[in-house]
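Below are structures written as structure tokens.
The following pair of complexes shares a single chain, chain A, combined with chain B in the former and chain C in the latter.
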Partner chain A sequence: MKWYIDKGPESDVILSSRIRLARNLQGYPFPNRMTREASAKLGKEVLNSLKQRTDHSKGKFRTLEMSELGSEDKLALVERHLISEELTDPGLVRYAYISDDESVSVMINEEDHIRIQAMEAGLKLEEAYKAASDIAIHLEKTLQVGYSEKYGFTTACPSNTGTGMRASVIMHLPALTMTEKAGTVVEKIRKMGYSVRGYYGEHSSVQGSMFQISNQITLGLGEEELIVDLKKLISHIAEQERTARKQLSSKSPDLIEDRIFRAIGVLKYARKLSSEETLQLISEVRLGKALGIIDKPDEVNFNRIMSSIGPANIQKSEGRIMEPPERDKARALLVQREMEGV
Partner chain B sequence: MKCSRCGVNEASIFIKQNINGKESEVSLCESCAKSIGAGGISFGGANILPVSIWQGSILSALDQISKGTNFNTGVFVPGKAVSLVCKDCGMTLAEFREKGKLGCSKCYDAFGQQLDQVFRRIQSGETHRGRRIAEEPESIEIRSAQEEIQSLKRKIIKAVENEDYESAAKHKVEIERISIRINEMRESEVLPNDDKTSEGGSV
Partner chain C sequence: MKWYIDKGPESDVILSSRIRLARNLQGYPFPNRMTREASAKLGKEVLNSLKQRTDHSKGKFRTLEMSELGSEDKLALVERHLISEELTDPGLVRYAYISDDESVSVMINEEDHIRIQAMEAGLKLEEAYKAASDIAIHLEKTLQVGYSEKYGFTTACPSNTGTGMRASVIMHLPALTMTEKAGTVVEKIRKMGYSVRGYYGEHSSVQGSMFQISNQITLGLGEEELIVDLKKLISHIAEQERTARKQLSSKSPDLIEDRIFRAIGVLKYARKLSSEETLQLISEVRLGKALGIIDKPDEVNFNRIMSSIGPANIQKSEGRIMEPPERDKARALLVQREMEGV
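Now for the complex of A and B:
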């Protein structure tokens, strides 16, 4: 089973947890100063080391050379958070090394030589950290990884130096959004030194009340401390969201019920759905489920919808290039199937 | 006066610089000045030498640059003008400042002082406190126990300063107790893995 279909701890508010570790090799310039030849050589070296791993807890891994993929295939991977947009740039030989359940992926020749990321459903930062650091330690033992006694792991950007770790959590905050408290919360989070982004990560705006919150500091604190601090913040926000949900349903139950059933109606019967509208409606139905107003669909259905409604994933499942109006039709059909019996 | 680069030859070229009203001077012999000039790169019209050459005055100038203050220098070097540069990948400080990205792992040695300033601003200090290379991650319990030891050590120093030897002795006993606990925690974490490897051959 793909990791994102799974339901994790605190999934009423927390969709997923992710850990990303950046590593570089000595003896090669960073990708921003690298030749194509060097990038190919480094790619082979890293892949060789990865393939020697004896830990098969995440199942088999597949290796993808970016230049061999079609643009839709690449975008589908971006939409599923498996690779970044930067990895699709054709300037260098770049690879993605992805586990069967898609919970672990290693990007080679992105901004740094190696970017390891591990994802888990719900709030499971420690588990994600273990999965990512297991791979990092293997690479550190088998390759000449860039490391300084003073600065820790070297990275192309000083914003990643030290642990090279970015821990992020995707939170669903519909009640805080509806009560217009989300803005203040986001501002506070940013002031505390964390970054807040949308569901699709860097440069993306917030859609469907999904917020991605991550640490910005990577140097001067240990990985465990960073994770503990982020978890404290996340739990605090989660409590605020739960309180706001209770207040909403006790103060204006009719309004909330109306919104939720309208959203169900559109998701079930609309003939055309944009990805933005779908995310928004899913957000409302998900709230209805969390408040106990409805008992279906299951979270598994939400997760499956969210992982498959991006434009590239729609085209991939249909097996052809489609114009936006056609995609909206295909998306509506896909959502209808998931909403059956609701 | 000896050359500040090689320290052997007599200096014959004297370079004055003025940074925000603060004047300083560097002296070089002719061959050092030439060799710098030949391999150098210009930095925004100002002439700056590699880090290995002028540890003191030039770096303080670069400090000012990275702080974004006005840099007005009267440096003179024969031949081409030069800049602080990473000898491994050729990244210059100017490029780093422009792109915000470093060129290779060795840039951390070349631009250490500038990086410290960047880190002080954007990070929680300039020293790595996370997992070291190829080290297994310590559990949070072990880490907090280690921090407890550090704090007890500081308490001992204070107690000794105040001639409170009784408290110092108590803290010492406490440190020993925590150290034993850390070792126990480490052993219990390592054991399952050891089992796996020892069984590995027979399975």
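Now for the complex of A and C:
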């Protein structure tokens, strides 16, 4: 079962948690200065180590060599947050090592030699950290991982030096958005040294009131401390969102109800849907579920829809390259099927 | 059965046909100069004559004295095109004499002493004319109706002198509207001496691509000629609309289909609907039906919805005065029920 076919704690506000750890090997230049030969050698070394692991709690792993994948397959992995766009750059031999449930992926020869990523549904940063660090510890035992007592783990970009960890959470803040408080909240989060992005990560803008919040500081604090701090912040924002939802539904219940049901109507009946509009509509229906206005769909359906509506995933599931208008039709059909029982 | 629970000829483009005949009695001033006593006397005289009729093909008639009705009841009749707003003015004793199928109504002491109106679904001007003139002939036989060989029937406003007839047709022109040709068409119709109004008549703007087209000339031509000319014009516009529909659905079938299904989604799921939005959505779904994109609802459903979504009719069916937001909720519920099988 895929990791996102799950609700997780605090799923009324929190979609998912993610931990990413960066590690590099001694005796190799960073990927931006590496030769193709060196990248191939390093890749084999890391894969050999990974394949020695006997922990199969996340399912079997598959190894993907990037140059062997079609561009649509690569983009589909990016859309599902399984790899970064950087890993799809040609030049070096790059790998993705992905667990069957898609909750864990290891990128080899991305910006760093090794990036381990673990995802969980809901607010489960500790669990994600455990999954990622289990792999990191195994690699540290079997390979020469760069580490200094003073600075911590060596990384290609100094901003990651220290723990090499990025912890992030995707939050759904429709009530703060509707009441126009989201801007102020985001500003405060940024001032506290956290970064705020959209659902599709690094370069994406906020769509459908989905906010990705992550730490920027990696130096000077331990992993556990960073996670505790982020969790505190997330819980605080979640409470603000819940308060805003209560206010919305007590002040203008009819307006909210109308908006939610219209979103359902459009999701069920539209014959063309862009991914942006779909995210927005899903956001509204999800709010309806959280407010108890509707019974179905479940958070699980939302997560499944969201993981499959990106342009590349649409094309992958249809098995061919499509123009945007055609994709919008395929997306509408897919959403319609998911919304059938609603 | 009500007259609008019917399709009628050319119902793909033409919603309804209406004939209105104005008549006045000799020996009474026009209503704008009449005393209350005179209006009461004239009212009795006309009602007595009407009640002598033995033709019940349109069902039984009921007599409504305007001052006895609540303001919501009066407005509900206006919205259903059964009476004009002028008939609700206080001062004089005014009556409406309405057939059970609501296809025929006689207004007494409106702008003229007598206004006979007959409505039919689809393009049925001759039938409507027959229904109205049957009553007019009966009145002319039993009462002293003002008529001059030279000018025709006497009317309060000179613009109605002659036949005293206004023939009008409500057309549904969504494709001409979407392709922005409706403006040019309307301009041409007006230049030819016809008047163009919205669905709710005299002072209403065009909503939901529903256009009411009627003759302005009443003098110099016979009733049959006026009807033949209007029919020719209507058939010509209907052909233009049908051509535009074909072009739309061959040029951008996906766009049209998406628009139509979204309209269905909103009609089925919205929890608040204004009458303006409802007309617009109904217009789009009606186009979908005409293009064969959907099977249901039938034209009959559209007509029934349209006759019941006006603010006054909503309040009448709920049996109480309501604020606009409450009406919008009741309207959404009503539309939802009508759309159940769709």
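Rule of thumb we're sticking to: the second predicted complex is superposed on the first by the 342 of 342 C-alpha atoms of A that agree within 3 Å, B and C clash if a C-alpha of one lies under 4 Å from a C-alpha of the other, contacts with A are read in each partner's own complex, and residues count from 1 in each chain.
Quick note on the criterion: a residue touches a chain if its C-beta (ideal position, glycine included) is under 8 Å from a C-beta of that chain, and two chains touch if they have at least 3 such contacts.
Bear in mind the structure is a predicted one, so any value in this text is a computation, not a measurement.
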With the two complexes superposed on chain A, say which partner A:Ile217 touches: chain B (first), chain C (second), both, or neither. first
Touch check for A:Phe261: first (chain B), second (chain C), both, or neither? second
With both complexes superposed on chain A, which partner does A:Gly59 reach: first (chain B), second (chain C), both or neither? neither
In the overlaid three-chain picture, which partner chain does A:Pro9 touch, first (chain B) or second (chain C), both, or neither? neither
Determine, under the contact definition given at the top, whether A:Ala270 touches first (chain B), second (chain C), both, or neither. second
Touch test for A:Pro325: chain B only (first), chain C only (second), both, or neither? second
Superposition-derived comparison: chain B or chain C, residues of chain A touched: B
Across the complex, what residues on chain A touch chain B? 24-26, 28-30, 32-33, 111, 129-130, 133, 137, 140-141, 145-159, 161-163, 165, 216-226, 228
Taking the complex as given, what residues does chain C use to touch chain A? 254-255, 257-258, 261-262, 264-272, 325, 329, 332
Of all residues in chain B, which touch chain A in the complex? 88-91, 99-109, 112, 115, 118-119, 122-140, 143
